[in-house]
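Here is the structure we will look at, set down as C-alpha cells.
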Amino acid sequence: MDIKEIRSLAKDRMKGVCNLCSECNGIYCSGQVPGMGGTGSGRAMKRSYEKISQVKLNLKTIHEAKKPETNIMIFNQNLSLPLISAPVTGSEINMGGYLSEADYCKAVVSGSKMADTFAMIGDSGNPQFYIDGLNAITEENGCGIAIIKPRENNKIIENIKKAEIANALAVGVDIDGAGLVTMALLGQPVGPKSKAELKEIISSTNLPVILKGIMTVEEALLAVEIGAKAIVVSNHGGRILDDTLAPIEVLPEIAKAVKGKITIMADGSVRSGRDIFKYIAAGADIVLCARPIIWGAIGGGSEGVASYINHLKNELIQAMILTGANNIGEINSDMISYNFDI
Amino acid sequence: MDIKEIRSLAKDRMKGVCNLCSECNGIYCSGQVPGMGGTGSGRAMKRSYEKISQVKLNLKTIHEAKKPETNIMIFNQNLSLPLISAPVTGSEINMGGYLSEADYCKAVVSGSKMADTFAMIGDSGNPQFYIDGLNAITEENGCGIAIIKPRENNKIIENIKKAEIANALAVGVDIDGAGLVTMALLGQPVGPKSKAELKEIISSTNLPVILKGIMTVEEALLAVEIGAKAIVVSNHGGRILDDTLAPIEVLPEIAKAVKGKITIMADGSVRSGRDIFKYIAAGADIVLCARPIIWGAIGGGSEGVASYINHLKNELIQAMILTGANNIGEINSDMISYNFDI
Amino acid sequence: MDIKEIRSLAKDRMKGVCNLCSECNGIYCSGQVPGMGGTGSGRAMKRSYEKISQVKLNLKTIHEAKKPETNIMIFNQNLSLPLISAPVTGSEINMGGYLSEADYCKAVVSGSKMADTFAMIGDSGNPQFYIDGLNAITEENGCGIAIIKPRENNKIIENIKKAEIANALAVGVDIDGAGLVTMALLGQPVGPKSKAELKEIISSTNLPVILKGIMTVEEALLAVEIGAKAIVVSNHGGRILDDTLAPIEVLPEIAKAVKGKITIMADGSVRSGRDIFKYIAAGADIVLCARPIIWGAIGGGSEGVASYINHLKNELIQAMILTGANNIGEINSDMISYNFDI
Amino acid sequence: MDIKEIRSLAKDRMKGVCNLCSECNGIYCSGQVPGMGGTGSGRAMKRSYEKISQVKLNLKTIHEAKKPETNIMIFNQNLSLPLISAPVTGSEINMGGYLSEADYCKAVVSGSKMADTFAMIGDSGNPQFYIDGLNAITEENGCGIAIIKPRENNKIIENIKKAEIANALAVGVDIDGAGLVTMALLGQPVGPKSKAELKEIISSTNLPVILKGIMTVEEALLAVEIGAKAIVVSNHGGRILDDTLAPIEVLPEIAKAVKGKITIMADGSVRSGRDIFKYIAAGADIVLCARPIIWGAIGGGSEGVASYINHLKNELIQAMILTGANNIGEINSDMISYNFDI
C-alpha cells in the first residue's frame, strides 16, 4: 500500500483525534490523554520530538555501503529491521474507535509479522484489552511480546502465565505506568515496583522479561542486576508525566553504562527511518514505534502496518547509504551530531 | 469540588481579566498590572513560568515509594503539604471584582485551613485590605500569616501589633514591594529597608518574621544575620520589575548558602504539584501559590480553595511516586534535571 | 504631558510608519529603511532589542538607596540623567513627515534641554538637515552636539567649523555611516576613515570629538590612541548592516579595555529606564536614546520630548531603588545578570 | 536590470512554486521536493539559513579599505567575485516551468559569464538535462563546469568525455546525490562512491575534478588524498536528507584541515553579499549560489542573472567596507562572530 494513501485514510477515519500532521510533533494533540497526545501541557511529548529532531546525521558518501543490510537478531529472532511495534491500547478511547480493540491488535501483530518484525501488545484499565492482544499473538503463533502494567505482583504473574500459553516471545512490565492514577479508579491499582517484586516476576517465568520506562542510569543498572533481559528507554510517549526529559537525552549515558549487558530498546517519537538510525547510533539495539503503526493499522489494517514498516526500512537504508553503514552493527555515535548537551 | 468546574466558573466570573489559559504562562495577561499579569512586557512572569517548566523530573519507578507522605512541619504547625497560599490583594482592581475583598480573604484563609495548610494575607495601597485579611485570620483563630508592605517602620510595627492581636502564626514584609511607586501616590510610601530597620522590625515582635522578595545570595545571608525566620525567594510574580531572573534560577545557589539556617520559601508560577516538587528539589522548604488559589476562591469559595490545594497535593504525590520519594524530606536535587545553567 | 497621550498622538501622526508597538522590538518595521526599522531582514535591530531584554536586574531591597540620584557630569555639563537624545534625521523620509525637519530638530534639542540633558543632531544625504540641526542648537545657546557623516575630511572639518559657530558642546563622526551607499548617489560620498584622517579631524578643533559606531575592542583602543574624547558603542540602530552583533554584546569587553580612558556611550534599543541601567551596569558612562525621543517629539513637541525623558528617569530611579544604587557611580556589573555569553 | 523588478517578475512567473519571500528561509517551501524546498520537514534547509544568518560581521570603519577588490583566481580564471552559479536542473519539475530546460541553462551560463564569473550545470534523472547544460557551456566557449550525478563509473566517465568536448573548465560529481532514490526509479541508479572509483574518475581526465557534498573532515581529507582539485561543502540544499548539519557549521573545521591543499567551495543559503563574506571568513575560497540565480534567470534571463550577481557583488563590497577588507584574501575569521559552537 502507498504511504500517502494510508495516511489519508487514517486521517479521515480518526476524525480529528489525530491530525496526521506533516510534522508529528505533539502540538496539535497536546494534552489529549485520552487521545493521541502528551499529558498536561504536552511538553514531554513535544520535547521528545524536538530533541530527536535535533540529532543530525553526518552526511558521508565516499564509502562502499551501497546496499546496507538492516536485519538484526533479538530474542533469537531474525528481524528485518531494528524496530518493534510499540504496545498501544484503547482503540476507542484513544484513537477514535474506527477499529475494535481486537481488530486493532490483529492488524498490528499480523502486520508487524508480515514485515518480518514483531509487535508488543499492551495492558490497560480494561483487562479485556490485554486478552485481545494475546489473542492476536496466539493467531500469529506467538509472534509478539506482552507488556503488562505494574499491577500487584500476583496479577502480573497471572498475566505472564497467559502470555506463556499464547507462546509469546517475551513479556515485560511498563513500570512507568505506575503513574496511571486512572487505573486505580477502575479497580486496577498500579504502582512502583521494588527490586524484590521485580525479581519475583523475573523468576516466575522462563521468558525474557523487559522493563519498559527506564530513564536513568541507576535504574538501567538495577535492571541488569536483577536479571531483566531488556530495558526500554521511554517516557511512555510523554503520556504519564508532563515534565520528563526526552529519551534521546538520557539514552547515551544509559548505553554507556549497560550496553552489551542487556538489550537496550528506545522509544519516543520514532517517525522515520532516520529516527531509527539516530537511536541506534546513540546506543540503542532496537527501537519501538507507535504512531506510524497506529496510522498503518487504521489506514490499511495489517497490510498498512507492514507497508509503513517497510517504508521506515527504506528510509533507514537511505540513512545508512548517506552515512556509510553497511549493517546495523556499523552504526555508531560518530555518525551523528547532537545539538544539545548529553 | 471538581477542578474543571472550579476553573470554568472562575473563567466566567473573571470576565477576561484572567483567561484561565491551559498553560498559565503570562502571555495572555502580559502587562496587566493592575490585573493578573506581569508588569510592562510581562517578561518577568513569562520567564518564571518558562524556567520552572524547563526543570524536569527524573522518572524512576523501581523503588518502594508506593504511598508517599506530603506533610511537613513549619512554625510548629503540621501542614498537609509544603504549600502556603500566597498573599494577594485587590479583588476588585486585579481580579475582576466577583468577590469583595473581605470575601476573597475569607475564602482563601478558610479554604487553606480546610486543606490543612494556611494562607498569607497581604497589604496594599488601600489599608482596609490588610484589615480584611486580618479579619479572615481572626475568624480562623489565627491560622494565617500577615505580610506587610515595606512602609515606614512605625507603620509596619503598628501592623505587626494588629497581627499579634489576630493571633497570626507569623508576620512578614514583602520588601520587593519597595518598587510599588503607585503606593506613594496613595499616600502610603514604601521603599527599601536598611539592616537597622529590619532589625528593629524583628525585635518588635515575638512572632517569626518572614522577608519576602529575596533574589540574591547576599540578601539571603543578610536575612539570616539579622534574625529573620524565613525568606521567600520571589520576584513578586513579575509584577514589580520587568527584568528579573526567575526564582527557580536563583534558588539553588541561595539554598546552598542558607539551607538549614532559615526557612526557605519559594514563590513563582506554581501551577501544579510537579512545580511544588521542583522547588523542593531545588532547595525550598515550602512553596507559595497564588493563581490557582485565586481561581479556587473565585470559582468555589473556601471549598474551591481547599479542592484546588488537594488537587495540587495529589499531583505532588504522583510526582513523588514517579521519582521515588517517600516523603518531602527525601525529595532532593538528584531527582530533577535543569535545562539551564544554574 | 502624559506618556500614554504622547504615544497615542505619535501613533496617529506617524500613520503606520511606526506602530508604537507595546514591545518596540523591530519586528513590525523590519526592513523599513527608509522608515523606522532595521535594514534588510531587520535582524540587527531585533537582536539589539532581544539581547538588551535578556539582561536581568538582580533585585535587592535590603539597603539604604531610598532616594537615588541620577545626575552625571559629561563634557563639563551636569545632566539630570545619563541619557542623550540620539542623532536622527529625515523627518519626512523616515518618520512620516508630521514635523518639518527644522521643527523636529527644534523639538528634540529644546525638549532635551528642558529635561536637563542635551541632544545630538545628525547629518544626512540632504545637507540642509545638518543646518536645521545646528540652528536648533544655536537657538538653545549651543546646548547640543553635532554628529557628522564620514564624508571627505575637508567636508567634515567644514561642518565642524559650523558647529563651533553654533557653540555646540562637542562634535562627532558616525563612522559606521561608511556603509550608507545611498549618500554617494546623492553626491555626498562617505566611507571608512583612516587613523590619519581621524587625527586630522580631532586636531582641527578644540571641541571634544566623539566617534560613533564602535563595535570592537580594537577600534575602541584606536579611538583612545588618536585622542577622541568619547566613543558610541553602536550598530547604527541596525540600519547599516543586517548582520551585526548587538551593542550590549560587545560593550562589556570594550568597557574592560577602555573604561576611564575615554567616555563610553552606548546606543541601541533603549526603551526604558531599566535599559539605561543595564548599559551603565555593563560599562557605559551614558546612553543614547532614539525612538522614545522621536515619539516624544512627534506626539508632543519639545514638551513631549522632555516628558518622555523624565519618564525614563523615573524608571531609572525605580531600577536603582530595586537594586540598591544610590547614584549612577554605584551602578555596577554585579547588579545585572546576562543570559548570553559575553 | 533592477533587482526588485527581477524578483517581481520571477514571483509572477513561478506561480507559487517559489514565493520570493523577503527572508528566503525554507519555511514557505518546506518539503517541496520536487519544487524549491528542503526535503521532508525542510529542516535541513531551514537550518542552513538560520545558521548562516546567525554569523555576524564585526563592524569596523577605522581603516583604509575604501574601495575593496572582489576578484579572485580559480582554475586559472579571473572571476569578478568569489561566487559560482550552483548546478540546478529541472526547470519544469522544480521551478514551475516558465523556461525550458535549455533556456534555463543558457540564461544561467551566459548570465554568469556576463558578470565575469561562471556557472556549474547539473545532471538529472532525465539525461537530456545534462546535455542541455553542456550545450549552454559550448555556446559560451566552455565557460562553465559540469557536475555529474554519482552514477556507475563508466557513465560518469562517459559524461566527463562530453564535458571535455564542450571544453568545460572543470568537472565534478555531486556525491551526496547518492541519496536520490528517485533516480533509480528512472533507470539511472546512483550511489556512494568508493575511493577506488573516485580515483578512477579523477585519472580519467585532465580536467580538475570537484567533489560536491562534503560535510565531514574525514571526507575532505579523503578528497585531498585521492587528488580532487576542489570540494564543495554542501548538504545539497537540504534536499537529500532531512537531518543534516548546516554547511557553515562544518566548514570551519574542514577549512582547518584542508585549507590550501584543495580549493574549498561552500554552498548553502547564499542570499546576499554578506553570506559570501561569511563563508569566505569561515574558510571557503569561493561560494556557490542557487536560488538568487534561479530568480535572476526566470525574472530576467541572462541579463537577470548578471544583474543579480552584480547586486551580490555590491553587497559584498559593502560588507568589506564595513569590516576593513581590501580584497578577498584579507577576509578572515577575526572579522566574524559565530553564535553557535563550532
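We call the chains A, B, C and D, going by the order they appear; numbering starts again at 1 in every chain.
Here is the rule we use: contacts are C-beta pairs under 8 Å (C-beta built on N, C-alpha and C of every residue); 3 or more make two chains touch, one makes a residue touch a chain.
A quick note: this is a predicted structure, and the numbers were derived from the prediction, not measured.
Subunit A and subunit C, compared by their mean Cα positions, are separated by 58 Å.
The centroid of the Cα atoms in subunit C and the matching centroid in subunit D are 41 Å apart.
Counting only residues that touch two or more partner chains, subunit A has none. Interchain contacts close the chains into one ring where each touches exactly two others, per the touch definition above.
Chains that are in contact with each other form these pairs: A-B, A-D, B-C, C-D.
Subunit D contributes residues 31, 40-41, 43, 150, 175-176, 178-179, 181, 191-195, 198, 211, 213, 215-216, 218-219, 222-223, 235, 240-245 to its touches with subunit A in the complex. Residues of subunit A touching subunit D in their complex: 22-23, 53, 55-66, 272, 274, 278, 314, 318-319, 321-322, 324, 337.
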